[in-house]
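What follows is a single structure, written as C-alpha cells, with notes after it.
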C-alpha cells in the first residue's frame, strides 16, 4: 500500500516534468505544441465530462456545447476589452451558469432521455451562435487575442499545461471527497443516496455546474490558443468523441479519461494522411478497444493488480476458517 | 397549412421508421444503437447495387436488400455486440458509435461521396387533393410505416417471443434461467432491427439521395422521435416521429428553418420535463425498496 | 419519539396501510411484524418520505415528518437499512460507509477542490468512524472490497453499517437477518441490543425471524392488510390467536422457528 | 440424477469453489449449507451453467453438461430459482409466470398455473401488478411460483424462505416436500438450517468453497460442530 | 498568432530555394474533409492529384516533380490550424493549394499570413481571402461568392427583366455571405425588391416549408445559394407545387454538376440558370477539357468528373503555370511576382485568370449557364467583373 503510494508520486512527478520539458523535446515545433495544447484542452473537457458521466452516471452527449460557450465567452468579452483573467474566469462562470440552467430540467431525466435532451443542447448551441449575429458575428467567427504578457505560443503553452495540472488536481480532490462519493452514490442508487441525506436534485445540478464550469474554462483556453473561433469548431461529433474518450479510457477513472483523450487526440496524427481512412481508423479503434477491454483501457492495470486481489480474498478465507475453528 | 402538415407527416414517418428500429433493438437489448443509420445506409447501397448493377426490378432488389440487412444485423451482433453483452450499456453504446464512424468511412471508400439518385417505390406526379399535393410514393411511405408499427406492436404485446424479448432486456441472467437463449434473441433482434432500418433507408434515400451521410440527420431525428415516444413504445416511436415531423415543418414555416432543430429539442425537453419518460414511456425506472 | 396517527397509504386500488396508529417510545427496540404484504416496508418508506401518506400524520420528536424531503430525514436523526440491500454497488465497503457519514461532512466546494486541511480533517473523522463500525460488525477485513463482489449476507451487514454511520437517534432495520444463518443471526441480535444499550439508538425493526424478534424486542406491533391487529410485549403477541392465525401459523412437528 | 466432481469456479481471480463434489440422487431433497460467502449460490449458478467451471466434471443422467447453456438445462428440467429473486420488475405477475413456462410445449401449463395460484393465493390477487412493486415476501412467492411453472425435474432453490412470514415458510416447505413426493429432485440452499435439515435427506456443508462435511441430514443434525456453527448451540 | 522561432519560409533568401522546393521535388499541401458529412470535397484533391500526376509524367516543372501532401481536417477549424502548422513546419511544404472550408481557412489565415506561405486558390469563395489582397493569398478555386451574386442580380434584373426576387440561402457562412452580397447588390437597382429571404439547413432533406413560402411570396425569380442536394430537393418540391416556370438561378456550387439531372429529374432540373468559370466537360469540344476527362477518369475511375474535381484540376493548372513562370530558381518573392503576371490567362480550364498586386481575386471572368436537354450549356459570352470599380461588363 505504502509502496504503491510512493510509486504513484514518482510517476506523477515524471509526468509533470515531461510536460514541462516537452517543448524542448519537440524542438519548439509549433505543430507539436498545438497537438499537445489541444490534447490538454480535451483532457480538461473529458475529465469534466467524466464527473458527470463516469462518476455521476448522467449521460451527456452534448458536452461540446459548453466548449462553444466557453470559447465564445472569451471571444466576446475580449473584444469588449475585458481583461484576460476576468474573461477567462467568465468562460467558466458563464458556462457553469448555463450548466445550471440545463441541469435544472435535466435532473428529472435519466438514461436515454437525458442523453437526447443533452444531444439537443449540443446541437442547438452552435446553431444559436451561428444565428446570433449581433453578438457572435455569426458565420464569420471571431478573432481572439491573448494579453500581451502571454502573446508568445510558448508562454501560453505553459499556461495551458499549468491549467491542465491544476484542473486535474481539483477534479481528483472533488471525486475523492464526500462530494464525489455523493455523485457515485446517485449513480448507483438514487433511493439509497436520498436515505443517506444526499439531495439528489441538488447534487445532480452541482454535477452539471462543476462539469460545465471546467469545460467552459477548456473552451476559453481553446479560443486563446487558436486565436479564432467559429460556430463549426465544436459539433456533435466532438461530444461523441469526448464520450468515447472517457469510455475507452475507462469510466470513472482519472487516468482512464486522460489515456483515452491522449489516444484519440494523437491517433489522428498517424492517420490524417490516409485519405478517407480517418473515420475508419478512429471508429475501429473505438470498437476494437471496447471489444477487447470492455471496461476500458485502465482495466489493463488490473493485470498488475492480480496479486493484491488475491491477498484480500485469502485474508477473508483465512478469517472465515478462524471463525469456524475458534468459536 | 394543410400541405405543411402533410409534408410533415411524411418526414415524420421516415423519422418514425428510423426510430422503430432503434426502439426495437433498445427494447430487447437495452442498447441504443448509434450505428443503426449507417447500417441502413449500407443496406440501401446494397439495394442500389441490385437495382443498377444487376438491373433487378425494384421489388426484388428491395427484398434481397432486406435479406442482406437481416444477415448484416446478425453478423454485427455476433462479432461486435455479443462478446460484450455484459459490459455496461454506455460502453456498448460507444462501440456502436465506433461502428457508426467505421461504417460511414467504409461506405465512402467503396461507393464514394457523390450523391446518387435513388428511385422511389412508386414514380409519378403527385395528386392534387384540393390544394394538398401528395404522391403515390408518399402514401406508400405512410402505409409501410403504419403496418410495420402495428405488426411489431402486436408481436411484442401478444406473442411469447415478444415477452421473451421484453424479459431479456430487463434481466438477461434471469431470462437465461427461464430457458430463453438471450444471445440468440439479441441476434434475432439485431437482424430484425437492421431490416427495419433498411426499410427506413430505402424509403429515405429518394428524399436525401444516396450517399454515405444520408442517414446522419434522419438518425438524430429518429432518436428524438424515439425519446419523445418513450423509447420503449413502438407506436410511441412513430407518433413521436410524426409529431417531430409536423412540428418541425410548422416551425420551419412560421418561425425559421434554421431554428427547427432548436425548437424541436426544446419541445422534447418540455415534454420530458412534464413526463420524464416520454409520451408512452410508462414507468421505466420503477424501483421499490 | 415516533408517532403514527391514522396513516393511510394507497397504490392505485390497494390500501397498503390503512388507518395505522402506533407510537415508538425513545430508547426501545420496537418490532413491526406481520404477514407478507402487510405494509411494514411501506411504513418505513413513509418515514423515509419515499411515499407520502394519503392521510394521517407521522410525528418525530414533535415534528411532522411530512414536511421534509427524503434527504432531510437523516438530518432529523433517522437512518435506515433496506430489505433487499440497496448498496452503492461499484463502491468499496469503506466508501459505502463513508457515504453514510455524508450528512456530517464539511461540504465547502472550495475547501474540497483545494483539499484544504478542514476537508482532510473531516475526511479523517469519517474514516475513523467507519473503522469503528466495521469493527462492531466484525467485517474490517472487507473494507477494500467492492460490495458487488460480496455474498448477500455480507451485503446486508454493510447495509446496516452504513445506516449506523450517521449516528442517528433512531435506526430502521428492514429484515436485517434475512439470509443469515442462526449463528450470524445471533451476532446481529447482539449488535441490535448493543445499538440500544451502548449507543442509545431507538430501533424500529421489521423481521420475520421470530427468534430474533422475541429475543430483542421491547414491544411488538403486528400488522395485517395494512392494519394493526395486535400489539404488546413479545410474549403476549406470540400467544395472540389472531397473530397465530394470520402470521405465525400452527407450530407443527417440523417448524421450530421460534 | 446429477453429479458434480471436483468442480472449481473462479470470479476473476477469486477462487470461489475449490473442488466441489456432490450428487443429487433420484427423488431426493439435498440441502447445501454454509456461512455467508461459502459458495452456495455459486454452486447453484454453476449447476444451471450461468457460470462455467474451470475444472471438474458435471454429469446429468450420465451426460456431461460442461458444454451446455442454461437454456439446455432448462429444457432438461433443471430449474434454478435464484438468490435475490431476479424477477422481471417491469413485467406483471402474470407475465412473470408465463415466462416461467417459456420453454414448455406440453398442455399442462394451464393446470400448473392453477396449482401455483392454489399455493400462493396472494399472487392471483395481484395478477396485473408489476413484479417490481410487490412486497419482499410477495416477490419471493412469485420467484418460487415462476420456477415451478418450469415444471422442474430438478429444482435448485436458493434461500426460498428469505423474507417470508413464518406461516408462509411452513407452506413453502410443505410445497417442497409435496413436489418432491411427486418426483422432483431438489437442491436446497437455506440459512434456515433447522428446517433444511428437517426436510432434506442428505446434506452438504460448504466452507470456503470446499465441502467440509456431508452426510444424512439426521446425522448432520447431531454433529457438534454443526450445532455450534450453524444452529447456534 | 504563432511564434517564428524556427526559421519561417521567408528565411529562404534569394540565393536559397524556397521552403519545400528541392532539386527533385516541390511539396504542396492541401487540406479538406475527406470523410464524414462533407467528404465530397475530397474530389478537389483528386482533381489536383490528377493534374500533378499528368504534369509529373510530362517531366514536372523545370524538372521538379510535384508532390501533394493532403490531410483530412474534417471541417474542423482547430484541426485545420493544427494541420496547417504540420504542413508548414513539419512537412515544410512550399505552398497550400485548393484547401476547402471557409471557417477552416479563416482560422488558419492569421498564421499563414504571418508565415507567408503561399496559399493558392482556396476552395471557398469568401471575400476575406482575396479582398483586400493578402500578399501570399492568391485566388479561389471557384468563383467569389459576392462577385457571383452581383452578376446574378445584374443578370436577373437586366437580362431577364425580373424585379420581384426571392432568395433562398443556406444557413451558414456560404449562404449568409451571399445573402449579404445580394442586399448590397440590390441597392444598385431601383425598383427591384427582395421579397423574402428563406433559409434552409444543408442536412435537412425536407424542403417543403421553403417551397410553401415561395408559393406564398409568388416571386418573379428565385435565386438560391446552396450545394447540389438541397437545391435538387428544393427544385423537386417547387415542381410538386406547380412552380415550374419561374426563373430559378442557382449558385455555381450547387449547379455545375450533371448529376443534378439525375438527382432532381431531367425535366425538373431543365431551365435552371447558373454561372460557371469552367464549362461542363460535355458542353464543349476542347482539347484541354478532353485531356482532363481522360486523365481524371484514368486516375480516379468511378469519381464524378463534374464540378469539384474540375476546380481541383484547374487550380492545380494555375499553380503549375505560376511555378513555370517563376523559373527554376524558386523563391517566394519570385513566385509572387510571377503570379502577378497572370492577365486574363486562358491556359487553364477557367475562362480567365487575372492577378495583380491590387487584385487577388484570380477568377473574375465567368459566363451564365442553363440546364437544357440534360446538358449544362453556356448561354452568355464571358462576363467580366472589375474588383476595383465593381463594374460588370458583358463581352460582346
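Lettered A, B, C, D and E in written order, each chain numbered from 1.
Here is the rule we use: contacts are C-beta pairs under 8 Å (C-beta built on N, C-alpha and C of every residue); 3 or more make two chains touch, one makes a residue touch a chain.
Here the structure is a predicted model, which is why all the values come from computation and not from measurement.
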item: Where subunit B and subunit E overlap in contact partners, by chain label; value: A
item: Greatest separation from subunit D - chain, by CA centre; value: E
item: Chain whose average C-alpha position is farthest from subunit C's own; value: E
item: Centroid spacing, where centroids are CA-atom means, of subunit A and subunit E in whole angstrom; value: 38
item: Computed distance of Cα centres, subunit E from subunit D, in Å; value: 75
item: Euclidean distance of C-alpha centroids - subunit B vs subunit C, Å; value: 47
item: Mean-CA-position distance for subunit D and subunit C (Å); value: 28
item: Numbers and ranges of subunit E residues touching at least 2 other chains; value: 35-36, 39, 42, 171
item: Numbers and ranges of subunit D residues touching at least 2 other chains; value: 14, 35, 37-38, 133-134, 228-229
item: Subunit C residues counted as touching two or more neighbouring chains; value: 41, 50, 82-84, 86, 183
item: Of all residues in subunit C, those that touch subunit A in their complex; value: 48, 50, 69-75, 79-80, 82, 86-91, 95, 98-103, 105-107, 109, 112-115, 119, 122-123, 126, 141-142, 144-145, 162, 166, 183
item: Sites on subunit C touched by subunit D in the complex; value: 11, 14, 34-38, 41, 83-84, 149-154, 175, 178-186, 208, 210, 246-249, 252, 254-258
item: Contacting residues of subunit B [partner subunit C, same complex]; value: 289
item: Subunit D - residues contacting subunit B, complex; value: 48, 50, 69-71, 74-75, 79-80, 82, 86-91, 95, 98-100, 102-103, 130, 132-134, 146, 150
item: Interfacial residue positions of subunit B with respect to subunit A in the complex; value: 26, 32, 80, 83-84, 86-88, 90-92, 94-95, 97-106, 108-109, 220, 223-224, 226-227, 231, 258-259, 261-262, 264-266, 268-269, 272-273, 276-278, 281, 285, 287, 289
